[in-house]
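Chain IDs A, B, C, D and E follow the sequence of writing; residue 1 opens each chain.
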Amino acid sequence: MTERVREILSWYASDNPGTRANLARLLNHGKLGGSGKLVILPVDQGFEHGPARSFAPNAAGYHPNYHFQLAIDAGCNAYAAPLGFIEAGVAQFLGDVPLILKLNNHDVLYDEKDPCSSVTGSVKEALRLGCAAVGFTIYPGSTRSREMYEQLRAIAEEAKSVGLAVVVWSYPRGTSLSKEGETAIDVVAYAAQIAAQLGAHVIKVKVPTSHIELAEAKKVYEKQRIPIGTIAERVRHVIQSSFDGRRIVIFSGGATKGDQDIFDEVRGIRDGGGFGSIMGRNSFQRKQPEALRFLDTVMRIYSGELQ
Amino acid sequence: MTERVREILSWYASDNPGTRANLARLLNHGKLGGSGKLVILPVDQGFEHGPARSFAPNAAGYHPNYHFQLAIDAGCNAYAAPLGFIEAGVAQFLGDVPLILKLNNHDVLYDEKDPCSSVTGSVKEALRLGCAAVGFTIYPGSTRSREMYEQLRAIAEEAKSVGLAVVVWSYPRGTSLSKEGETAIDVVAYAAQIAAQLGAHVIKVKVPTSHIELAEAKKVYEKQRIPIGTIAERVRHVIQSSFDGRRIVIFSGGATKGDQDIFDEVRGIRDGGGFGSIMGRNSFQRKQPEALRFLDTVMRIYSGELQ
Amino acid sequence: MTERVREILSWYASDNPGTRANLARLLNHGKLGGSGKLVILPVDQGFEHGPARSFAPNAAGYHPNYHFQLAIDAGCNAYAAPLGFIEAGVAQFLGDVPLILKLNNHDVLYDEKDPCSSVTGSVKEALRLGCAAVGFTIYPGSTRSREMYEQLRAIAEEAKSVGLAVVVWSYPRGTSLSKEGETAIDVVAYAAQIAAQLGAHVIKVKVPTSHIELAEAKKVYEKQRIPIGTIAERVRHVIQSSFDGRRIVIFSGGATKGDQDIFDEVRGIRDGGGFGSIMGRNSFQRKQPEALRFLDTVMRIYSGELQ
Amino acid sequence: MTERVREILSWYASDNPGTRANLARLLNHGKLGGSGKLVILPVDQGFEHGPARSFAPNAAGYHPNYHFQLAIDAGCNAYAAPLGFIEAGVAQFLGDVPLILKLNNHDVLYDEKDPCSSVTGSVKEALRLGCAAVGFTIYPGSTRSREMYEQLRAIAEEAKSVGLAVVVWSYPRGTSLSKEGETAIDVVAYAAQIAAQLGAHVIKVKVPTSHIELAEAKKVYEKQRIPIGTIAERVRHVIQSSFDGRRIVIFSGGATKGDQDIFDEVRGIRDGGGFGSIMGRNSFQRKQPEALRFLDTVMRIYSGELQ
Amino acid sequence: MTERVREILSWYASDNPGTRANLARLLNHGKLGGSGKLVILPVDQGFEHGPARSFAPNAAGYHPNYHFQLAIDAGCNAYAAPLGFIEAGVAQFLGDVPLILKLNNHDVLYDEKDPCSSVTGSVKEALRLGCAAVGFTIYPGSTRSREMYEQLRAIAEEAKSVGLAVVVWSYPRGTSLSKEGETAIDVVAYAAQIAAQLGAHVIKVKVPTSHIELAEAKKVYEKQRIPIGTIAERVRHVIQSSFDGRRIVIFSGGATKGDQDIFDEVRGIRDGGGFGSIMGRNSFQRKQPEALRFLDTVMRIYSGELQ
C-alpha cells in the first residue's frame, strides 16, 4: 500500500476494517491505483435518460457486458451501475473491477421539478452481487431532500455495518434553486458538506461555476475574499468544504463536450486537489478504442504524467 | 435442455439455481417448450375491467378452473392471474402448468389519471401456492411511478432470494404522457429498459407504434437513424433496449382485434427477435375450441412452422 | 358433514385445514347448519351510526350480551362485531356461536365522500378471542380503495396462515360513483369479483338494482343480454361473477323496511343461488321475540321449508 | 375485594389476569377504593396549554413531585401524566399511587382545526415506569380520527398483552362538528361508544349538554323520547351507550368554575350512574389544602356520604 | 462526585445507571466539571448554514479535528456535532471529551416556513462512535412538530434503554408563530416544558425576550405578575417551567455579537439559575487563542470566579 493511500484511509479511522478494505480496493485498482486519484465509470443513463439517448451513439453500450469490459480495459478504479446492469454482467467479470451498486435512480418519463429518486437496490443486493460500495443520489434543494437524506442515513448505516463503502452523488436541484444555482460554487460546496456530514466516504459533485446563488453566502464569499475565479480555486474550495480535504471528492464530467475542454477541466480538478472524475457519457458514448484513448489521457493528467 | 434455453439461462448467471430452475420451467413448458419462445395466458381482466366485460363474451371464463384448463390444453408456457383465481383452482391442477402470481392489480371503479396498482398478493403467497414466478405491473410516467418501482424492488429482492422468477408488466401511463405516447417507440423502449434495470427476468410491454413522444429522444432517433418503420424493427429496438437481447421480452396482445392483424403482429414480434406473447382477452373471450385453434396458430408462427 | 358442505369446502382446497375447519364451523352451525345457506348477525352499527340510532329502538341492544344471545337463540350461523362488543361478551358464551371479528370500522362523526375505514382489530386479537373468522370492509370506487385492498391483503394472508376464515364486506362508494351506482348491478358484481380476487372466503354485498353505472359495462350487458330484470337474476349474475359460484356470497339486509319486502328479497337471493343473508338492523332493532320470529321466517325461506 | 369491584371486574372477563389486576388496583386504591367509583388526578396541561397557564396559579405545581403527593394525600385512585412528569417523580413514590402514562399529547403552539395528538410515550415505557395503565386521547370527528383510532388499536393490543389497562380520553373535535357539538349529548354518547368498541377499559368523556348535533340522531332521540334534560339523565344515556354500563366511564371536570357548580355536576354524574371524575385544573390550580378539601368533597359525594 | 452533581443526578432517578453515568460524564468533564454548570461546543452549522458561512471566518474550522481540539483545550463539558464530523475525528480523540451525536439536521438549500429536520444519525451510530448522548432538535409551533415529537419519542426510548443521555434542542418556529414570538418568554418556557415532558435529560433553548406571544398566556402572565423584566428573571421562569429546576436547561448563544453582550447574557443565565451555555458560532468562528480566552471568560462567569 502506498503512503498516499495509507494517508487517505487514515481519514476513515472510525470505519470498520471491512469498509476500509473496500475503500482500499477502490483506491488501489486500475491505472491510477495507489495514486490517491480515481476515475470511475458510471452507467446509469439508461435509466436516467432512456436507452436510445444513452446508447444509440455507440450501440455496443446496449450490452451490459460492454461497460464492465470498458472499465476493465481502461483501467478505471470502479464501475457503477443500477441493479439490472450489474446483475446482467457480474457473473462474467467476477473480481475484475470493483463495483458500486447505484441504489437509487430517476427517469424522465415523469420528471418533476423537485425530484426524488426511486430506491431501486439495497445493501443486501450489493453484498449478493459482490460490490465494494453502494452509490446513492441526493438532491439538496429539493422539497423532498429530507426523504432522500433519511434514506441515505439508513442505507449508509447498514452499508458500514457490513463493510461496504458509501458513495454519494450530491446534486443540488429543486424549485428553491435557479438553474444556474445548481452548479453555483456556494451551492456545490454546500452540497459536498451535506454529503460529508451525512457520512459519505466518497462524494461526487458537479464542477462548480463562479456563480454564487445564496444571498447570505455571497456576503461571506465577498467579505472573506474566497478565491473562486478558476476551476482549480473552486475545486479547492469544494475540497476544503469537504472536511478540509479529509473526504474523497470526485467530479462528474457532465454532458459530452469538446475533449480539450474536458482535459482542461480535469487539470483544474487535479490542480485544485480534487480526487478524480466520474466519466459516464463522455466515455461510453464513444467507440471503444476512442474511449480508451480518452480515458487514458484523463488518467495521465491525474497521474501527473501529462501536465 | 436445448441449446437455446441454456443460452437464455446463461444471461441470468447472477441468479440462484432456484430462480434459474423456475425460468427453465417457464421456457421448457408447453408446445413452445425448449424453443426460447413463450406464449403466456394472463387472466387479470376480472379485476382490471370487471367480470361482465371480461367473461360475459365467453361465460365459461367466469369459472377459475377454465383458465387453468385452457392454458394446459393450449400448451401455454404459463398461466398468470391474481391471488383469488390462483387460489380457487390451483389444488386441482397441481404441477400441470407453471403459474405466475400477479402481485398487484388495478380496477376501474376508481380510475385515476396517474395510476398505481394495489398490491394484492405477496412472495410468500406465491410460494404457498406453488408458483414459478411473481408478476408485477409498473406504470412509468405516472406521478406515482416511484412508489411502484420501490415496491417492485422489495418484491424482486424477496422473490429472487427464495428462488422465484420476476415478471414485470411495464406499461407507460400518466399525465406526463399523451395517450399516443403510451405506446410510442421511445417510451416503450424506455419502459423496457427501466424494467430491466429494476431487475426483471421477464419483461412484458405493449407492441410499440412508430410515434416518438419525447423531444430529447426524437433528436437521437433521427440523428442515429434508428429504424422504426415496421413492427419487426420496433420490436428489435425494444429487444436491444433490454440489455441487447439478454432479457426475455414478451408483448401483450391488447384488446381483441382481427385475427390476421394479430398474426401479423406476432410475425413482427418473431422477426424482430421478440420472445413471445402474453395473450389474454384474445384467448379467453373466445369459445374454447376457437381459442385453442387461435393459440395454436400463434405458437406455430413463433416456432417457425408457419411463416 | 353434508354433501353440500363437503362440496362448498372443496372450493377452498388451497386453504389449510384450520381455515377449512373454521369455514365448516360457519356452515354447520345453527338452524341452517349443513344446508349450505347462512344467516349471520352483524352488529357494528354502534360504531358506524352511533349508539342511539342503533340501539334506542330496542334498548336491550345496548348490552353486548344481548346480541350473542340473539344470535344463539335465533340459530344464526355466526355473530359478527367489532372488538369491543366481542371482548365484552365472549367469555360468557364460549363456543356457543361462531364469531367473526370485524377488523375495520367507520363512524359518521367524520364522514368523508371517499371513505376508508379505520383498522380497529387484528388477526392476533381474533385468535385471542376465539373467533372463527375475521371481517373486513372495502369500499371499491373510493379514492382510498387501494389502501383498503392492501390492508386486506396483509390481513387475509395472516388470517389464512393461522387458520382463520376471511369475510369481506365489499361496498362500492366514493366520488367516482353516483349514489345509484353504489348498488348498480355492474358495480355490485364488480365489487364481488374484486373481493374474490383479493382472496375472500365469504363475500358480503348489497342486493343490486337493475341500474348499470359504467358505460363500458353497459355495452357488454346489452350486447350479451345478461338477464338482470329480477332480484334472482341479478343475484345469479353476482354469484356467477364470484368465480362462477365457487365462493360463498351473502347479501346484506340494509335499512329496516317492510317484512314482506325483506322476505321477497330473501326469496330472490335464494332463487338466484345466493348463500344467505347478513341481517343487522332488521334483527336487533326489534324486540327479541319478534326478532326471533323474523329470523326464523328468513331461515325457513332459505331452507326451502317456506316458498 | 368488595362485591362491587368483583362485579365490575366480571365485565372484563376476556382480559388476562394481569390487566384485571391492574384494573383492580385502580378500583381499590384511595378513599373511594372498593366503592366502584374513581377520582383520578390528570396533569397533562403543562403540555397541552403551556406551563404558565397551567401552573402559575399554584406555583407548587411546576414541580413534578407535587402532583404525586397531591394524588396520594387526596386519596385519588390514580395519577395520570405524560412521560416527563412520570419519569421525574416516580422513583420517589414507588407503589404509592397507581399511575397512568398518558401516551399522546397535543400542544397549542401549533393548534390545528382537525387535531391529532403526538404519540409521546409507549407501552414499553409504561412497563419500565411501573404504571398500571396507559392513557390515550382520540378526537372523533377530526379528519385525522382514523390515524388516532389505528394508533389506539395497536397500543391497546400491546397493553393488554402485557397486563396493562387502557384508559381512553374520547373528545369529539374537528371541522365536521360545531363548537357546541363537541359536548352535544348525541356526540358524547357516540364518542363513548367508539372508545368502548375500540377496546377501552376506562373511558373518559366530557359532561354532555342537552344539545343534539347530528340530524339523523336527532330524529331518534325525539322519536324514542330519550330523556336528556338533566345531567343525571344525560350521564345515564352515556353510560348506557357504553355497553349498557359494562364499561367504566368517568367524566372530566373541564375548566375551573365555581365549586358548587362542580359539586352539582358530580352529583349528576353519580346519580346518572357515572363511575367518577378526572379532575385536573380544578385540583392542582388551587393551593394544596384547598385542593384536598375540594377533592374530599367530591369523593364524599361519590361515596354517598354527602348528598 | 460533588454534592451538586449528586443532587442533579437524583432528579434522574428513573433512568438506568448507564444513562446516569453518561449524565455524570457530561457534568464532571472540563473546567466546570463538578460545578453543575455546563458549556458545550456544538458544531452543526456546516450542515445548517453551509460551509463558507460557518467556517470561512476561521478557516481552521473546516477541519473536523479542529473542533474536538477546541472543545478539549477550552475545557468544555462536551462536543456536539452531526454524524460526519464525529466520524471524521473521533478515532483520534478517543475518550478525550464527551460526545453528543446530533441525530437530526436541517439545511437552507431548501428552507421551508414550517421546518422539520432530517434524521441523519441513529442511537446505534451513537453507540458505535462512543458518544455519551444523542441530540435532537424539535420545532414546536411547526405544522410538522408532531412528526418531530414522535421521532424524538422513539429515539429517546431507545437511547435510554442503551444507557445514553438525551439532549433536546427546542426551538419554536413555524407559520403559527411571529418571528418575535420564536423567542417570546411564554413560547420559550412552553418549548422547554414540551421537551421536558417528552423525556429530555438536557434541554437547550434560546435566551428569551420579554415579549409574550400567546393571548391566553398573556392573561396569566399579567394576572400572576410573573417577573420577566430581566434576563435573570426570564431564565428563572424557563427553569421553573422545566419541572421547577429538576431538568438541566442550557441556553444557546445565537449569532455572533459583542463579547460584553454575551458575557452579560451569561451572567443573566447564571443568576437566573440556568445550567450553562451551548456556544457554537461565537466560539469556532474566532481564531483559536481568542476562542479559548472567550470560553474561559464564560466559564469563569459560570463558576462564579468572575461576577
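Observations on the model:
Just so it is clear, contacts are C-beta pairs under 8 Å (C-beta built on N, C-alpha and C of every residue); 3 or more make two chains touch, one makes a residue touch a chain.
Keep in mind the model is a prediction, meaning the values are calculated, not measured.
Common neighbours of chain B and chain C, by the contact definition above: there are none.
With each centre defined as the average position of its C-alpha atoms, the distance from chain B to chain D rounds to 58 Å.
Across the assembly, chain D contributes no residue in contact with two or more other chains. The ring of touching chains, read from chain B in the direction of chain C, comes out as B, C, D, E, A.
Note for the complex: chain E touches chain D at residues 11, 13-15, 140-143, 145-146, 149-150, 153, 157, 172, 174, 176-177, 186-187, 189-194, 196-200, 214, 216-217, 220-221, 224, 226, 237, 240-241, 243-244, 246-247.
Across the complex, chain B meets chain C through its residues 46-47, 49-53, 55-57, 59, 62-64, 82-88, 90-92, 105, 107-112, 116-122, 124-125, 129.
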